[in-house]
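In the two complexes below, subunit A is the common chain; its partner is subunit B in one and subunit C in the other.
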Partner chain A sequence: MISAALSGLSSGGAYALVGVAVVLMYRLAGVMNIAVSVFGAFGAFSMVSAFDGGLGLWPSVVLGVCVGAATSGLMGLVMAWLFSDSDAITRSVATIAMAITFLSVAFRIFGDTPRSFPALFGDSALTVSGVVVKATNVFAIGLAVLLAGLLVLVLGRTRLGVRMVAMSNRPVSAELLGIPTRRYTVAVWLVGGAVATMAPILAAPTRQADFTSLSLLVVAGLAAALLGAFQSFGLTVVGGLGIGVLEAVAVRWDLVSSYRSTLPFLLILGVLMWSQRGEVWDESR
Partner chain B sequence: MSLVSRLGLGSATLAGWALAAVMVAVVLWLSNFWTFVFSGGLAMAVIALSVGVVYGRTGMVSLCQFSFAAVGVWAMAWLNVNTSLPFLVLLGAAGLAAVPVGLIIGVLSLRLRGINLAVATLGFASATLVVLRRNSFPGTFSNQPIMRPRWFESENGYFLFCVLIFGGLVGLLALMARTRVGKGWLAVRQSERATAALGLSVTHVKLAAFSMGAFLAGIGGGLLAGQNGVVSNRSFEPFDSLLIFAVSVLAGARYVDGAIAAGLLGAVLPELFRKWGIPLDVAPMLFGVGTVAILSRGAEGAQGQLRTQWREFQAGKIQSSPQTVPGPRFAGQSANAGMGVNAADPLSTTSLCLDGVSVSYGAVRALNDVNLEITSGQVHGLVGPNGAGKSTLIDTITGFVQPTAGRIELDGIDLLGLPVHRRVQAGVRRTFQQGRTIEDMAVGEYLEFASGRRLGAEETESILSSFGCPEREQQISSVDVATRRLIEVAGCVISGAPIVLLDEPGAGLGENESRHLADRIREVPATYGCGVLLVEHDMEIIRGACDELTVLDFGEIIASGDPAVVLANEEVVAAYLGISPELAGESV
Partner chain C sequence: MRSTRRLIAVLAALAVLTAACSSGSTDDGEAEPTETSAVDAGETSEEGGGDQGDAAGDSNQESPVGSRPQVMIGSVNSLTGPVPFPEASAAAAAVFDRYNANPEGLITIEYIIEDDAADPALASQAARKLVSEDNVVMMAGAASLVDCVVNGPYYAENGLYAVQGTGVDESCFVSRNIAPINTGPYAGLTASLYFTSEVLGHDAICYFQFDTGLPPDPLEAAIARWSDITGKSLVTFDLYTPGDDFTPFVTKAMDEGCTAVFEGGLDFTAIAFDEATQGQGATFDIVHFTSAYSTAVAEAIGSPDNNTYANSEFEPFTDLDSPALADWIELMNSADVPLTSFAEGGYLAALATIQILESAGLSEGDDLAAQRSKVEAAVLGMEPFEHPMLGSPYVFGDAPAHSPNQASKFVQIVDGAWQTVTDDFIVLTDLE
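Let's look at the complex of A and B:
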């Protein structure tokens, strides 16, 4: 049971990373980015293509992260250029359009057949009192926790972070104060894309790795982000890991095992309906 | 009135019908392959219509229309394997089978809005993906394809069948759009509170939108199944839902021509690309780019933007400057007293009684032990400094705020147990300080919607001119905010409700217009037989219109009675000037 739960941690780490990227972009760029894992999958497929082409494993990973970040940053540029005055819902609908564009670009370049991804740490594992702990899992959790912690520190403790929070809360005031809001928006998208690329790279070796499936990591990432109320990086990481463990445990339960990927959806529903239960009316008064 | 205009399609679209007929003829003349492709385009257009209902009209982002379609097709395929029902019945079953699923998502939409609803529906789409990938549609392996209807088996025949179904659905939608619930779709998109304040249940309106959306999506999926015969579980993936959503936003699928354009873009353009040797998947790339471009110019889609430009062009032909927005123009005459057909019987007096009403927001007391009686036949003014609790009082009477203590009764009926729209139906109407007319409607259309009955042209024009509102045909979106408030007042008054609560109807009016408005409001009780609660800052209007005046300060009534007496009260003056009564006595 415990080792089954632990095996879910690499997926969980991936969900947590997507969740962190989603929260980052929601808090600082005012957009719920449905396309974020499409950018991530784009980076991951670039990585595996480079790897298959003979590039070393880690150089390929770096290349993939760069491609993911660049794609996302490019779209961030479009967002900053065209949608700086729009509301969150219009921006989010625009990311749907971006997702479609990049999905079809990806089908064109990579095809929609599953690829086999290399495991980052091979089979290396250590045994702690009889329970096998894989290096990949340790890395996945470590990366998610590290990034979340880093973001909390940057946003809470540095001048740059404070300016970025100010920008997202009052974009117009921030711009009047001379904060380069558009440049910051692009930066947020770049970082978000890089973080989101690590997710499919970590998750792909242990699941069906076609482009669509990897793009849909966003659903689990959104569930994680919801658990953090689109605000808290820490709770998002915990949420992502929790979903991963839940899925892994569900494998052992025959009835739901083949449908375990629907768990994030059910979780989304539960959390949303609970958190919004008092919202009888819309915001427009 | 011809059937065409009865369906709300207008004479201008007759040309559109002719064009459609020509297009149908051209498609029939094309080779079988292209006719086949166009059938798929119409099926997609039906699904685009469903996006048009849920997002275009009602403003709810739903990213799972193809999941609805999949549910419908599943039912259809199951019936196809297990029964020998004809195609038309199977198609109907596909639509109806999707409705319960639509209702479930609709229930979610009662609390989830905007981004949250988008997340939930995308989650639903990916969950159906998981289920569909594990299972295949009934009949896929037993080689039992879905057979087309007997007389429409050929490509030309099936295309005509699709045209007929599409036409039928457009007619159904046009009929639906003329019902109160259908108009409520447009209202909900703008403000749920305003919708409820017009006496509609927001729950019904949203559930109707999702049921209709799911029904259309199910039929669209059924048409696709008939086009292909064999259904693949790869035809209903989240990508397709996202794609049809984007294309519908791009084309503006709220409108019939927009939906057709969306369908053709989604199904025919890729085939054209294939023919021209351009890779198929260039089409979705272009859709993505196009949608981003269109969205950055506003959310109405290409058809919506074309329509706005056309209206501005038309307006420009009539008046030299298209920017002219008619402000309030009081014609000076009062509404014809004889025409208040639906007005409450002046002999039976209705009264709204507030007894010890208190409202608290946490530790803050917004209203404290308020007693008030509003009876038909009089205008009761309510004044007080900002934050005194005037709007909270109206919110409490109409049900948007629950009081912590006290009773509110309308002729002995306890209002507190009723939801907002029931209170409205019981006879309490309100307007909003912010102005909550429905931008998507013309002035006359809004009045009729607000009144809840058919209005004669004379009746409409009489009340419009008496309240200084623009012409019936004027689009509300092109009217300034102050005038929109007056339109709202007119809609409220003409509804025949015995009690009418007006929240700052005179905000933003000039001095002359204020005086006119005061005269009109003074006449309202006699003409329409109702009682009015008038919240106003403009003392000109209060003096001119009120029979009785109550002053609120920090949630408590500090004076009540004859307006002239109350306004001379030292405590009232002090509350307004923000100084203590003793000082007020000296300074005044």
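Let's look at the complex of A and C:
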């Protein structure tokens, strides 16, 4: 069972990264971004297209991350321009339209054929309890933990972080105080897109990597973000790793193996119901 | 605020419009012009001689060889979608192109390729267009995830028959009106398990299958058939969904003590499974379906630490020196069709179709009803079609179900290329 659990870290790291991006955008841009993995997949497919075209591995990665960030940043600009006065629900719904649009655009550009992604660190690995944990997986987990820690520090201990928190809580007041809210919003979307692009790049080599599948990493990312109550980066990372481990363990359990892809949905449902357990169900509901 | 709402409405409309335009085929099931050789080949088949022609479906074509009866042949394919199969119909189109340019041919074939994008609704629309508007007399060379299950009954209602270039789901092998030229996933699975256990000598075999959403019953029946032949059973049989990470499956196979794994997916899953296997340092042999048997897979996997094999439903196409493949290789290269198993299936299906059509006694004055009647008689009474690329003779005949090809060969990746490891076909009917 330990080997089963450890084999889930490869997915868990990707889920944690997506979850961090989701929480970042929710906390600072006030939006639950359904399209974050679509932007990430866009960047990832740009990366693999460049790599297949002859560009070196790491330049391709940099290019892919830039494309994912730029795509996300562009949508952030649209969001700041059109939906700055809207509530979180309206903005989140707008991201659904973004996801559909970019999925269609991506199918036009990249097609819907799966692609073969290169492993970033080749066969480098370490062995834990008889299970080989690839350097790619260690990097994904380390990146998620590092980003989560960095964000906690920045948001809690720096002037920039305080301004950004103020912007997310009171956007109008922040703007009146001279905080460049539109610029900060775009920056949040840029960073979110860049983080979300690393997730599919790291996860794709050991799975059938078509655009739709990589875009659906957001489901597990949302589940991870929910476990962190859309507030805690640390719990989100733990949640993402936990979901990956749970899916891997489910492969060993014949009763649930065929349904393991529904685990993030069940988790979301369970957490939502648990969070509402103290509510009174009266006629208003 | 009002202008913002208008802008939101415009954005939403743009999103819907873009989504509508992004599908691989139009609403009436016609294939969109694409870069695939399938459509290009479909375009050229109407003029013959490899020339670029009008869009697929245009029947206003000159016969380059005088007045021969013109016959419309249709094909519903998954050219786009989650599991695309463009080569089969492209190869069939190349065969029909060449036939049309041959002055000794008895008929002129107009071959119409439709794309169903693996969508049942589009597949249904495409079939109805071919039957009702394009007046096809039979179907040939198709490779689709949904054509058989969706359109099999429709073909039967209209007295039409299909020589499938690649049969995928069970419906292709249990229909009176459909007879795939390929071995298929079920006989192929039985043959592959037989190869793994009896030729490679493995007793502990794990099986991981790509979950297409279809019921696993036919797969379980194929496994049972193997068990009946060999007296052996699998250690484990698991399904994986698109996007699943293979690492947990690899570690499961290692922990279960499997010395061989049959991975039932496609070319990209074969590459990803190899990556996961290499990453874990697993040492089991790996056997794949014929869909992994492509030059791209061999090049991507390179020199694997694990012995990696694949099923070949026909004479292995990588055995370039094989005299059985000479004509096929030349034709596919001239038509820019990739050399894959699907292309072999399309090629053979088209040749079998030509044999059927030439034996039908079609004449120039035949109307549609007469043509369809003659073709039906020719299909049901056809002589077995034999070809050195086939391990079993192909015959349609009048039977409730058809799975004529019961033969497989096997290939192994060595230094980035496939090498044939079985000199003779494994023919399942000889083993039972």
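Methods note: the second predicted complex is superposed on the first by the 274 of 285 C-alpha atoms of A that agree within 3 Å, B and C clash if a C-alpha of one lies under 4 Å from a C-alpha of the other, contacts with A are read in each partner's own complex, and residues count from 1 in each chain.
Everything that follows uses one rule, which is that a residue touches a chain if its C-beta (ideal position, glycine included) is under 8 Å from a C-beta of that chain, and two chains touch if they have at least 3 such contacts.
Just so you know, these numbers come straight off a predicted model, no measurement behind them.
In the superposition on chain A, A:Pro264 contacts subunit B only, with no contact to subunit C. In the superposition on chain A, contact of A:Leu216 is made with both subunit B and subunit C. In the superposed pair of complexes, A:Val105 makes contact with subunit B and with subunit C alike. Contacts of A:Leu82 after superposition: both subunit B and subunit C are touched. When the shared chain is aligned, subunit B and subunit C each come close enough to touch A:Ala97.
Contacts of A:Gly8 after superposition on the shared chain: subunit C is touched, whereas subunit B is not. Of the two partner chains, subunit C is the only one touched by A:Ala119; subunit B is not. In the superposition on chain A, contact of A:Val256 is made with neither subunit B nor subunit C.
On subunit A, the patch touched by subunit B and the patch touched by subunit C overlap at residues 82-83, 94, 97-98, 100-101, 103-105, 107-108, 212, 216, 258, 261. By the touch criterion stated above, subunit C contacts subunit A in their complex at residues 1, 4, 7-8, 11-12, 14-16, 18-19, 21-22, 24, 80-82, 84, 210-211, 238-239, 241-252, 254-255, 265-266, 268-269, 271-272, 275-276, 278-281, 300. Remark: subunit A residues 3-4, 6-8, 10-11, 82-83, 85, 94, 97-98, 100-101, 103-105, 107-108, 111-116, 119, 123, 125, 131-132, 134, 203, 205-210, 212-214, 216, 247-249, 251-252, 257-258, 261 touch subunit C in the complex.
Those residues of subunit A that touch subunit B in the complex are listed here as 32, 34, 78, 82-83, 86, 88-90, 92-94, 96-105, 107-108, 212, 216, 218-219, 222-223, 226, 258-259, 261-262, 264-266, 268-269, 272-273, 276-277, 279-282, 284-285. Per the touch definition, subunit B reaches subunit A in the complex via residues 61, 63, 108, 111-116, 118-120, 122-124, 126-127, 129-131, 134, 190-193, 237-239, 242-243, 245-246, 249-250, 279, 281-285, 287-289, 291-293, 295-296, 299, 400, 432, 434.
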